[in-house]
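Structure provided below as structure tokens; questions to follow.
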Amino acid sequence: MKAYKLKKEYLKEYLKSLEDFGEVWGPIKKGEIDVYEKITDYSLLNLNALRPILPLKKFLIPPKFNTFFYTKDGKYENALKEVKRKIVFGVHPCEIHALLTLDRLYKERYPDYYYLTHRKSTWIIALSCVPDDKCFARSLNTHFVEEGFDLGFTDLEDYYLVWVGSSEGDDLLRHRLDLFDEKITSKDLNRYIEWRKWRDNQYQLNLDLTAMPDIMELSYDLEIWNEIGERCLSCGTCSMICPTCTCFNIADHLGIDDEPGRRERFWDSCMLKIFALVAGGHNFREKRVDRVKLWYTHKLKAFITEFGKPACVGCGRCIANCPVNINVAEITKILKGEEVKK
Amino acid sequence: MDKEKKLKIGFYEFSGCAGDLLTIIHNEDYLLKVWNSAEIISFRLATSKRDEKANLDIAFVEGSITAEEQIEELRKIREKSRILIALGTCASFGGLQSMYSHLGDFSSRFNSIYPHKFTILKPIESKPLESYVKVDYFIPGCPIDFKLFLFNFTRLLRNLPVELPSYPVCIECKWQENNCLLLKKIPCLGPLTRAGCQARCPTHNLPCVGCFGPYEDLNLPSWLKTLQENNIPFKELEKKIRMFFGVKVKEILSKLKNKK
Amino acid sequence: MSENLYEPIPMRIVRRYDLVENVRFFQVRPVEIERALTINYKPGQFMMISLFGVGEAPFSISSSPSRPGLLEFGIRKIGVLTEELFKLKENEIIHIRGPYGNGFPIEKMYGYNLIIVAGGLGAVPLRSLLLYALDNRDLFKKIYFLYGARRPNEMLFLREFLELKEREDLECLLTVDKDDTGSWTEKIGVVTELFKYLKDIDPQKTYAAVCGPPVMYRFVIDKLVNLQIPKHQILMTLERRMRCGMGKCGHCVIGSIYTCVDGPVFTYWDVLHMKDLI
């Protein structure tokens, strides 16, 4: 992979120049949290943001969007023809791992038109990160990324090492080649190696997830799950903020008067009671605890069966967002019988 | 749609702020479309033209029943309507005016607030429509959300049943990319409350007050526990639930007692 | 631009009539006649039927790919979408996408005996398999069709199945729990009682396919296991809530599998080693 250097003072100028390609998005502070937003004022860009509340999936499958328009006489048309190109800056490795998982889920068996259409228009500029006490990407080996981005920025104090990850990334870079330094010296190399060693040791939260599929299987009928089930608010927050949760529902909205109707697709959560309810009234997961179990089975076991790796990427969003402290770290510890600090 | 085939619809109001009907009127972009797509038989806030004798396909009724005279009036509307819909939280659950219905008997409460005799109407405890007549569907909200109203209005015109979001406010709150107020131990009723409002209050950094009424799968014990652990007394939390959940409060709290 | 697999194709209702009370037969054909023969499916697969403005839901295909051109469904009126479907008349247009699901592993079943056990509405997907086997009779050994309903007037495709009794190359056994007509000439009793008519079956060379109400499975499976049919040769088709049919929406997920793509046909072995399947 080809790499360049970009002096930090050029960053904002460079990002702004990328508006020639499309909208430039990045993490911006909103109260205590960060949100991926379209950048108009580059001074607002939060380079230290760790986990924008909604992950990258919001670009690829928005929380709600129209799939079809239809008229009363039975004619219908695809509601999503084109998506404006967005260049998303500041995406961390764990999120890119989630993206790679979504790519497999949405591109392989029965490619999803809506995902593909959004995906094609979403260009990614990765940015290295320093973990906080909620990050556990190293435990899942998602703390580093070699593919899935167009440009990859590694923060080496006064400059960024910029990796070119795709042909589109090459276009982005060449757009302002004048700002980049092509010469990588052995000093740069050493600095990079040192940085990696240092950064990989910054993880405060380390989970041993090696035997999770078996543990999920063996713990299935244990009483401890009931306590977790009683605690869960069934609010669905975990599904909304998890970078690999992409369940959805569909609803038809009729048009009023001469307006066309629309078919809308929107995020759903398996934590909601209605999720597995079938016509006729039978609910396959009536009990809260069964829904919590499904969620964690799907994160920590099912994806391993399907894709050879867990769906969890260690981003820490569930730790940061569940109002009653149910999250991957907590569940892992409980299931493994480890003491959980309240 | 054929002019002849337009459904006959009436809008009515009892005790409340008229906020639900005003929500319909204030969406000027849609007002004509609403008028075009149905035969509006009665809508006192919008037109003086009305026909009180005609039978209705659908009656939208706002407000709770707070006077004896209203019971008869409501029954008349029910009799002439194929479908009756409780519009807004007052009509659905009793509204704010039901907030203290658990505190002793009505007349002593009433007299303590209004020591001077009323003569216009005979006041009674505030109750939702369902306490007196069969209600086919509920469209809650204080006030209703126009988009949710429109979604269901068009469904009703097509003879489809009303459909409400089957998820709590938290889902919409996350779509709005808000930080959870419960994390800051602010008693937000989001996880207890049915969505439909686009998480309006949390989006303005204010806790949800539950104005859309209870979410069918709410987990009250866990919600209480997480806040009580942070020294918010039960009394205060209970008061928050009472504010909008109206007659549903009894049912919700009784489950809590059974659990204990 | 890539193909939008969520896009349904318009189909015309060419026939519809009530099979029993609240269960209606729908025979449909793509509006564009050229497309009619391009719809390839397997017995046991399902399609998503769409009514714009109302919604979309999965329905088992009841026709057999051995009789191409027309698709058939047996649909029970059970919710908003089906109620709207029941209001449609012949020659009206609905929208359909699919087929979806794994279907029966039909090639593996060649050269085997077939025991098809249906209860109530379970006859809808199993009719597809039955017709397929009858249309390719030489590919299978003995064929048994066991069908139970509560009452004669709840038996789907009754006349069609009664006619099958005249065929000598299959054993068609029909039973009702209770005969309230007085004119029922077939068996009376639950479907498991029909197993006593199964003679000289080499279990290793037999596939069984079961579909019916959830309560029926356990009893039927007991019988099949008693016959020593291997667990992976006992097939059943399951029902779940579905929104996409393509392993995306997540509604039909059970543990590690998507009912819509990994199923709806599962083996008894799948059911045993995966949790919560039935």
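Chains: A, B and C, in written order; residue numbering restarts at 1 for each.
Just so it is clear, a residue touches a chain if its C-beta (ideal position, glycine included) is under 8 Å from a C-beta of that chain, and two chains touch if they have at least 3 such contacts.
Quick caveat: nothing in here was measured; it's all calculated off a predicted structure.
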Quick note, more Cb pairs in contact for B-C or A-B? It is A-B
Taking mean C-alpha coords per chain and comparing to the overall C-alpha mean, nearest is chain A
Distance between the CA centroids of chain A and chain C (whole Å) is 39
Chain centres from averaged Cα atoms put chain B and chain C apart, in whole Å, by 44
Separation of the C-alpha centres, chain A versus chain B, in whole Å, is 37
Note: chain B residues in touch with at least two other chains are 158, 160
Residues of chain A that touch two or more other chains sit at 251, 254, 261, 268
Expected list for chain C, residues touching two or more other chains, is 53-54
Per the touch rule, the chain C residues reaching chain A in their complex are 1-7, 10, 52-57, 78-79, 81-82, 93, 95, 214, 239-241, 243-244, 246-251, 253-257, 261, 275-276
Listed in rising order, chain A residues that touch chain C in their complex are 67-68, 70, 74, 76, 78, 105-106, 109-114, 116-117, 220, 246-252, 254, 261, 263, 268, 270, 275-280, 282, 284-285, 290, 294, 297-298, 301-302, 305-306
Per the touch rule above, chain B residues touching chain C in the complex are 158, 160-161
In their shared complex, chain A is touched by residues of chain B numbered 1, 30, 32-34, 36-37, 150-151, 153-155, 157-158, 160, 163, 166-168, 170-171, 174-175, 177-180, 182-183, 190-191, 205, 216-219, 221-223, 225-226
In the complex, the residues of chain A that touch chain B are 30-33, 35, 53-54, 63-64, 72, 230-237, 240-241, 251, 253-259, 261, 267-269, 272-274, 288, 321, 323-324
